[in-house]
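Paired with chain B in one complex and with chain C in the other, chain A is shared by the two complexes that follow.
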Partner chain A sequence: MTTTRSALAAGIDPAAEAALDGLLLSMADDEFVIGFSDSEWTGIAPILEEDVAMSSLAQDELGHARALYELLSELRGDGRTADAIAYDREPADYRHARLLDHGRGDWAMTIARRYLYDTADGARLEGVAASSFAPLRELVDKIRREERYHVMHATTWLERLARREGQPRDRLLAALVELAPDAATVFTPLEGEAALVEAGIMAEPMAALEARWRATITPIFVGLDLPMPPAGNLATGRTTHGEPFRWLWGEFTSVRRSDPEAIW
Partner chain B sequence: MTASVSTRAGTSAGAPPPTHAAVLASLSEVSDPEIPAISIVDLGIVHRAEVGQDGAIRVDLLPTFVGCPAIEVIRSAVSDRLEAFGRPVEVSVSFEVPWTSDRISPQGRERLRGSGFAPPAEIDAVRCPYCDSSRVAIDSIFGPTLCRSLFYCRDCRQPFEAFKPI
Partner chain C sequence: MTDTQPPDRDVDAAFGGDGRTLEPWEVFRREKDGDPMRHGGSVMAPDAVLAVHYARELYGRRQESVALWVVRRADIHDLADPDLLQPPLDRSFKKPGGYVMRDKLAAAREQSGQAKPKARSSRPMPTTDKADR
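Let's turn to the complex of A and B:
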């Protein structure tokens, strides 16, 4: 731990600084992992328009991740770049939600994951939209305008699959069952969360944001006669990652590991 | 927030500092490589362009999308262009205010239409840039770049791209 604080950290209540680090890292890792997962559809999506859509979604999410990692790098002020934070960690040190740990799966799995994530991310972004930490507030203002299109896309597909009996609905139901235990892991409580709320960096604790998320998606799930995600055990929702993530990690770090000193 | 900054020293520090108007005129000659039809000034991504007391030129750019891959290319093009004034140049990418599609100038909107892009409008208000028909259908909200969607005109039967309202 360095004793000098970065210019960006200087304005923050020291009690909240470590928790802010955790918040930014969890948001960045979520966007990075789902962005990279979506890019797996580039070239093989079911139809051309969806190939373009998944690639655009991936590009958006990786862009958000980069901006969040850059903000984190500036906050830490320890000279580690955004790329170093993104790529130079062991799989166990990533803090994305376990919802994003199920492997690409089929199209229904991709849509189920995207819908659950996009709506949960929307609730979380709303929770920091009026943040007292100005750089995060400004970035989130921009990000929310883009995420609106992600929610439109995921909702359209969720409805399309849910309303078509047979394979589309059956596969969607199977995906929702697989994801159910991890569906709410975006709202895994952060260490030091109370200090974030106290400092006005977050409006509410994660449990309150989860309640808002459930209120938003309930009418959609009821309308489509889909099973609502159960309350899960969130204690380890961001700290235990399984084999599918180890594989993904191997993929997204392969170029970096081949030549860590390369300049792009 | 200042996302990133590039600074270049002036080549001939003795040159008189340019006027603000001269800097803007110079920026009007730079375009987004993904949208060559209009300048970055008409696109509304120039947030701030200042000539300081010290004669240094400082420009803040707003990315259209957070993940826009063109922004580094644009920043470099802006630095190259402004270096001609022979003063120190600092170009930053900022999220201080969000770029929105309302920032595209009226002239910019006309130029977009002229090159076959429908200017930003809500989905049900998009018109064909070729025949001005309102009988258009959205094909995909995601297009070849982050900022564009795909449409089809039922009258002139032409596919076209429309800017996303954001």
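Let's turn to the complex of A and C:
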């Protein structure tokens, strides 16, 4: 805990402040990492229209990440900018869900990951939509209006891959198998979560949000005859990042690291 | 899976396209409330749902539209026959403005030896010459 608190932190229960920091960082890192992963399709998507669509979704996510990092920067009030938080950390210090740690893979992998993430993110956003922390509540209200389309896009593709026998369905099933152990990691419990719920910053603990998420996607998975993600071990869901992320980190920090003092 | 019914038949029925091949869809957009729909362009898509997604990305994601229509190009009935649209005979009497009088008036003036009236703005208030218009 810093000795001088930012103006933004002043109104927050001190017990919840560190946990709020963790919540914002995890949300921002999630959006940042999936945004970069999906931007890898720019220029190589199957058709021009999908190229534009996927690139646009990726840009949306980076925009959400920026807004969340800015909020975090303001909350911390330590002079570190959103860019510094986004780019100037070692790979081990990122707190995105392990679901987003897998390499880009094929189109089915991208769709499976997007669907699992977008629906989980939707449940999490719902959990903070009525947050007592007004800046987060106001931001989430805008983010949710864009995320609605993301879920539509991911669902549209999930249906098409799942219903088309042969390569589309086979590849989707393979992707879901690979992602299964990490599918629910967006709901990795946050340190100090109870204080967030107590302060009304989050409506419910992550475990309850996960239950809501499962209730939302179960009819879709049953309808498409897809295997529901099993309950995973969430203990290290945001802290152990593998080789594919280290590679992605090298990519997205390469320009920043080439001249850390540069002014853009 | 029986061999009488392709396993993917429900896909085609469900999504409003053949789902396998890309085809062009025409996109109409309304720029602001009260404006008419205007043709914006087209997208390629395998079915209607994706066509709407792509139309949104290409014609709506920068807040340039308040509404979109997406129509399969194959569903548009085409008429471009010049005999039907640009008939060779004078059909100007069918226009809401009636006959085009300019040529007939010019011919009448020439016959009577009368000069073309000057522009109205260069003379005093017109009084008696309305009959020839």
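Here is the rule we use: the second predicted complex is superposed on the first by the 263 of 264 C-alpha atoms of A that agree within 3 Å, B and C clash if a C-alpha of one lies under 4 Å from a C-alpha of the other, contacts with A are read in each partner's own complex, and residues count from 1 in each chain.
Going forward, a contact is a pair of C-beta atoms (placed from the backbone, for glycine too) under 8 Å apart; a residue touches a chain by one contact, two chains touch by 3 or more.
All values derive from a computational prediction rather than experimental measurement.
Colleague: Once the two structures are overlaid on chain A, check if chain B and chain C clash or fit side by side.
Modeller: Aligned on chain A, chain C clashes with chain B.
Colleague: Regarding the shared-chain residue A:Arg163, is it in contact with chain B (first), chain C (second), both, or neither?
Modeller: After superposition on chain A, A:Arg163 lies in contact with chain C alone.
Colleague: Of the partners chain B and chain C, which touch A:Glu138 in the superposed model: first, second, both, neither?
Modeller: In the superposition, A:Glu138 touches chain B alone.
Colleague: Identify the partner contact of A:Val52: answer first if only chain B is touched, second if only chain C is, both if each is, neither if none is.
Modeller: A:Val52 contacts both chain B and chain C.
Colleague: In the superposed arrangement, which partner chain does A:Ile44 touch: chain B (first), chain C (second), both, or neither?
Modeller: neither
Colleague: When the two structures are overlaid on chain A, which partner does A:Ala235 contact: first (chain B), second (chain C), both, or neither?
Modeller: neither
Colleague: Report for A:Ala211: first if it touches chain B alone, second if chain C alone, otherwise both or neither.
Modeller: In the superposition, A:Ala211 contacts neither chain B nor chain C.
Colleague: If you stack the two complexes on chain A, which partner ends up touching A:Tyr149: first (chain B), second (chain C), both, or neither?
Modeller: both
Colleague: Which partner, chain B or chain C, touches the larger number of chain A residues?
Modeller: Higher number of touched chain A residues: B.
Colleague: Taking the superposition as given, does A:Ala15 touch the first partner, chain B, the second, chain C, both, or neither?
Modeller: In the superposition, A:Ala15 touches no partner, neither chain B nor chain C.
Colleague: Touching A:Val177, do we find chain B (first), chain C (second), both, or neither?
Modeller: neither
Colleague: Determine where on chain A the residues touched by chain B overlap those touched by chain C, and list them.
Modeller: 49, 52-53, 56, 149, 152-153
Colleague: For the complex, which residues does chain C have touching chain A?
Modeller: 1, 7-8, 10-11, 14-15, 19, 22, 43-45, 49-50, 53-54, 56-58, 61
Colleague: Can you list the chain B residues touching chain A in their complex?
Modeller: Contacts found on chain B: 1, 3-4, 65-69, 95-100, 139-144, 146, 150, 164, 166.
Colleague: Residues of chain A touching chain B in their complex?
Modeller: Those in contact with chain B are residues 49, 52-53, 55-57, 59-64, 66-67, 70-71, 134-135, 138-139, 141-143, 145-146, 149, 152-153.
Colleague: Could you please specify the touching residues of chain A with respect to chain C in the complex?
Modeller: Touch residues, chain A against chain C: 47-50, 52-53, 56, 149, 152-153, 156, 159-160, 163-165.
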